[in-house]
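Before I ask anything, here is the structure I am working with.
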C-alpha cells in the first residue's frame, strides 16, 4: 500500500503540472486571437480617418490603442515604481476623457508589468507584453537597469521604448527606437559647474550614492571640476542600503572643503545625507550643492530645515505654480517632483503621436517622435528629441532658504 | 573619538538585531532570515502609531506588543510544523525567506512606498561631548540598547526561564526528556527575538527615514555581528556587533567608502574560516 | 612476525588520559583479543590507529611503515580495515554499492569512472559480492538499501565491508555486542574460517567465553594502560584481571 | 480491471527513469518545433531559454547540494562570475570559445578555493560561509566600478559568435541553449550514476566510514565543487550573451531564493527533481502574470502569492516531488 500512495501523490502532482501548463498556454493563445483582429481594422480606419475630428465616420467603432508599462512595483525600486504607476493610470484616464470630450473615438489601454528594477525581470516582462499582449510601445524602464535590459529586445523587434525616468548615459546609444523625455545627466553637470566656479569654490568634497544616476553625475564632476582649478578633496560613495554616513561625513569634514556636492538618488537618502550633514556642524560658510533631487518639493517640506542654503538644479521646463499639475500630484501622492510631470506628460505626448500613427506602425511613431518640435505638455514646457532620442533640457538653479525654493539664475 | 562614537551607535543597533538572531539560531538551529523584516515591521508600526497618536509612548508599547505577536505567529504557523516534521535547516532557511517576502510585500501594500519619517526631535545640532558630535536620538539609541542588552543578559543568566532557554538551545532532545517543554521555549525565543528587533525598529524609526528594503541590510549586519562574536552565546554576539560597527567605521576611514559593506563581509568570511565559533563562542562542534 | 607494533601510545581528551603509554605487538595470522572495562581506551586505540584521532606521543608501525602521522584514508589504503560498534552505513546506497566501494578504489578517478558509465563498460562483479556475503552469511538481495537492514544485518554488512576491502589486518569493534546467540555462533565460525584463510584479526569484546574460544593472544587494558597479556587460559584465572573486571 | 492496466502503464513511467527523460525530451522538442515554426511567439522561446539557463544552474547545484550534501549557497555568485568573465572577455576582443572556457574555469577555481577554505566545517557553518562568500562577490560586483562599472552594469554585450556564425535571433539561441542544457544533463546524469557519483552520495551519508574505505574525502569534494563551478560558469556565459546586459542585482538574494526553491520543490538528490523543479517554478512565475489582479496592487500581490505557495509546498511536501533524501 505504501508504495502505491506515494505513487498516487506523485501522479496528482504531475496532473497539476499538466493543468498549470494548459492554463499557461490557453491563457496566452486567446490574447493572440483578439490581437490579430484588432490591427487590420485599426489600420483601415486610420488611413482615411487621419485625425480629422469626427473622421469620415467610416468606422464608428472605437479604436483602442495598447501600450505596456514596465516599472519596479516591488523590491528596492518600489519607491519610484508605485507613484509612477499611479501617475500613469491618472494620465491615461485624463487622456481618454480628453479624447471623449473632443469626440475622437479613441481609447488608450495600458498593461502594467513589474520590472523589479532588474534587467532580467524587465526583459521577461517586455517579452510578455510584446508577444503575448501584442503591445508595440513600452512606456518605461523606470530604473536604468530595466531600460538597458529591455533595449536589446525592443531594438530587434523595433518596439518603441519611451522612458520618462531612466537617466543613465548608456541609454543614449542603446538604440534608435529608444526615447526618453528626461534630460541626460550631462546637461545637469554642465549647468552646475559654471555656477559652482562662479561661487569662487577652490576645494570641494563629493558625497554620492552608489546608484547609476548619482554615479554618472559624480563622474561628470570628477572629470570637469579639476580642469577648472577646483580641487576634489574628498570623494565618498555610499551604498544605497546604508543608513549611517556620519563617518564618511567626518572624513569629508576633516578635509575642510569650501563646498560639498551631495548626490543622493532617492528621498530617503536625501534625508540621511541632509540630516547627518546638518548634525556634523559644518562651519557656516560651507556651500552645499545637490543634484536634481527626485521629488524636491517632498524633500523640502520633509527635511527643509536640514537643507538650509542648498543650491539645487531643477529641470527648467517645469511650468511654474500651475494649479492643474499640483492637483495631479496631490491626487496621485506622487512625491517624485519633476518625474511626476515627465511621466504624466509622456502619456499625453504618446497620445498625440498615437493619433497620427496608430499603435502598430512603430516606424511612423519613430518618425513622429523625431519630428516633434518643442511639444507643449500640460506640466512641462517644451520637449524636442535630439537624434539619439534624448531630450535637450537645461536646468535652472534655486536655493532653499527657510523651507522654500528661490530661483537664483 | 567621533569615529569611536559612531561605531558605538552603529554597533548598538546591530547588537539588538544580532542577539535576536543568535537567540533564535541557538534554540532552533537555523538562520532566521526574516528577522530583518521584523525590524522593518516594527519600525513601520512605530511610525504608524506615532502619526496616529503623536505620542512616542503609545507607539513604543504598540510596537512591542505587535512584534511579539508577529514573532509568536511566525513560530506557531510556519516554523513549528516544519520542525515537528524534522525538516532540515535548509528548508527552514527557505521558509524564512518566504516570510521575508510576505512581510516586506505586505508592508509595501499597506504602507505604500512613500517617505516615512518620525520628526520627533526636529532639527538639532550635534552636541559637543569630549570632542565628538552627538545628537539626542543617538544618545537615546546607545542608552536604550545598553539597557536592553543588560536586561537580556540578566534574563538569560539569572532567571529560571533563561536557564531553560539555554538548556533547549544546548540540547533540545535532552531538555525535552528533562520535562522542559521545548516548544514553549522555542516560541519564547521567537518572541524575545522579535521584541528586541522591535526595539531596534523603533530606534531606527526615531533616528532615520524608513524604507522597506532596509530589513535585509540590518539582517546581514546583525548576522555578521552574531557570527563574529560567536553565535552560540548572547553576550558574544553583542560584542561581535560592536566589533562590526568598529570595523566598518574605522575601515571606511582608511579605505574608499564604497567598500564599507565589503569590509564587514571580509571580516565575516575570515572569522567563519578560522574561528567559526567566533571570538568568545563555545565550541559547538562546528568542526567535524 | 609482528604485523602491527604499538609503542608507548599516549592520548588524552582534555584532562582525561584515554591512552596512557600502552604497548601492543600484533602477530600475523593470529586472532588477538583486547578486553577491559568500559572506558579503558579500547575504542580510542582503534580510532588512533585509524587516524580518526591523532595521538599525542608514541609510535605505531605497521609492516615497518611508521603510520603515526598519516591521513586516515592512507591508513586504510595500507591495508587496515575496521568495523564499528554501532555501524553507520550509507543509508541511501545499496548493499552492492557498499561492497563495490570497499573492493575498488578506482572510483575516485573521475574521468575513468565517468567514461565507464558513459560507454556502459561496467563489469558485473556480483559474483564476487555474493561470495563475500555468503562468507558472512548475509542473505539479502543486492539492491536493498542500507536503511532497510536490521541491527544484526548491519553488523554483518559492516563485517563484509571490512573483508571486501583489500587488507592485511582486520580490526573488529565488539562484533557480537547485542547479537542473538545463534548469530553469535555464526560470527565465531566466520572468524575462525578467516584465520584459517591467513587473516590477522584484532577483536574488542566483553563476552568472555566468546574470547576464550577464538583468541590466540589476549591483552587486558585498564585506564589506558596494559594490565596483563597472555594465552586466554592464563588470563581467565589471573587475579588482577578478575579484580579489575569483577572486583569493582 | 481498469485500474490495474492504468497502474502498470504508469508503473513503467514511474519506475524507469528513462521514461521520464524520454517524455521530457519529446515535450521539449515539440515546444522548440512550435517556436521555430512561429506558431508559438517569441515569448515562449524566451521563457524556454531562461528555463534552459536555470536548468543548467539547478542540476549543477543539485550535484553538490543534493548528491554530496554540501550546503553551498555560493552557486549564484559563481553564476555571476561566469557572466561577468564571459562578458568582459568578449568585450575586450577575445574569441567566444576562449572566453567561455575561462568563464567556466574561473568559477570552478573559486569553488575549489571556497571548499579548501571550509573543508573542516560542518554543514550549518558551511552554509554560513558560502552565504558570506556570495555577499562578498556581490559587493565586489557593485563596488569594483573600474572593472564591472558597478551598479551601471555592462550593456551591449555582443552575441555569441564562433567560426563566423553568430547566434542572432532568440529562436537560434533557444536551439543553442537547449543543446547546451541537454549536454549538461547527460554529463551530470552520468556523473551521478557512475561509481564516482556513488562516492558523492556516500560522502553525504557518512563521511567517517567512507574515510575508512580509503577514499580521499577532500579530493572528492574538490572535484564535485569544481564540476558544479564549471556548469555555473557555463550558465553565466549563456545568460550574459543572451540578455546582453548584466548587473549585480541579478546575482544576489532574489535569484538565490529562486534556486533553493527549485531544488527543494523538485526534490534533492534527483536529477529529475532539479529539472522538473525549474520547469514548474518558471511556469508558476509566468502564470502569475495571467491572474487578473487590479494594476495598483499588482506587484506586491504576486510576490505574496509566490511566497505563500513556497511555504505551502515546504509544509506539505518537504521532500519535493522527486526527492529521495532529506538533508540532515
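Letters A, B, C and D mark the chains as written, and numbering starts fresh at 1 in each.
Note that a residue touches a chain if its C-beta (ideal position, glycine included) is under 8 Å from a C-beta of that chain, and two chains touch if they have at least 3 such contacts.
Just so you know, these numbers come straight off a predicted model, no measurement behind them.
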* Structure fact -> Min route length, chain touch network, chain B to chain C, equals 2
* Whole-Å distance, chain A centre to chain C centre, using C-alpha means? -> 73
* Structure fact -> The distance between the C-alpha centres of chain A and chain D, rounded to whole Å, is 33
* **Length of the line joining the C-alpha centres of chain A and chain B, rounded to whole Å** => 35
* Find every residue in chain B that makes contact with two or more other chains and list them. => 105, 108, 216, 258, 261
* Structure fact -> Where chain A touches two or more other chains simultaneously, the residues are 74-76, 78, 81-82, 210, 237, 239
* To do: Indicate the residues of chain D shared as contacts by at least two other chains.
  => 142-143, 145, 150, 299-300, 303
* **Complete list of chain pairs which touch one another** => A-B, A-D, B-D, C-D
* Structure fact -> Listed in rising order, the residues of chain D that touch chain A in the complex are 10-11, 14, 41-44, 46-47, 50, 142-143, 145, 150-153, 155-156, 169, 239, 243-247, 249-250, 254, 276, 279-280, 283-284, 286-287, 289-290, 295-296, 298-300, 302-303, 317, 321-322
* **Contact set on chain D toward chain C in their complex** => 190-191, 193-199, 201-202, 204-206, 208-217, 219-220, 223, 227, 269, 324-325
* Complex interface listing, chain A residues touching chain D -> 7, 10-11, 13, 17, 20-21, 23-24, 27-28, 32, 72-76, 78, 81-82, 85-86, 89, 110, 112-114, 116-120, 123-124, 127-128, 130-132, 144-145, 148-149, 151-152, 156-157, 168, 170, 174, 210-212, 215-216, 237, 239
* chain D-facing residues of chain B, complex -> 29-31, 78, 81-82, 85-91, 93-95, 97-99, 101-102, 104-106, 108-109, 216, 220, 224, 227, 258-259, 261-262, 265-266, 268-269, 272-273, 276, 285-288
* Would you mind writing out the residues of chain B in touch with chain A in their complex? => 2-3, 6, 9-10, 105, 108, 112-115, 117, 119, 122-126, 133, 135, 204, 208-214, 216-217, 248-249, 252-253, 256-258, 260-261
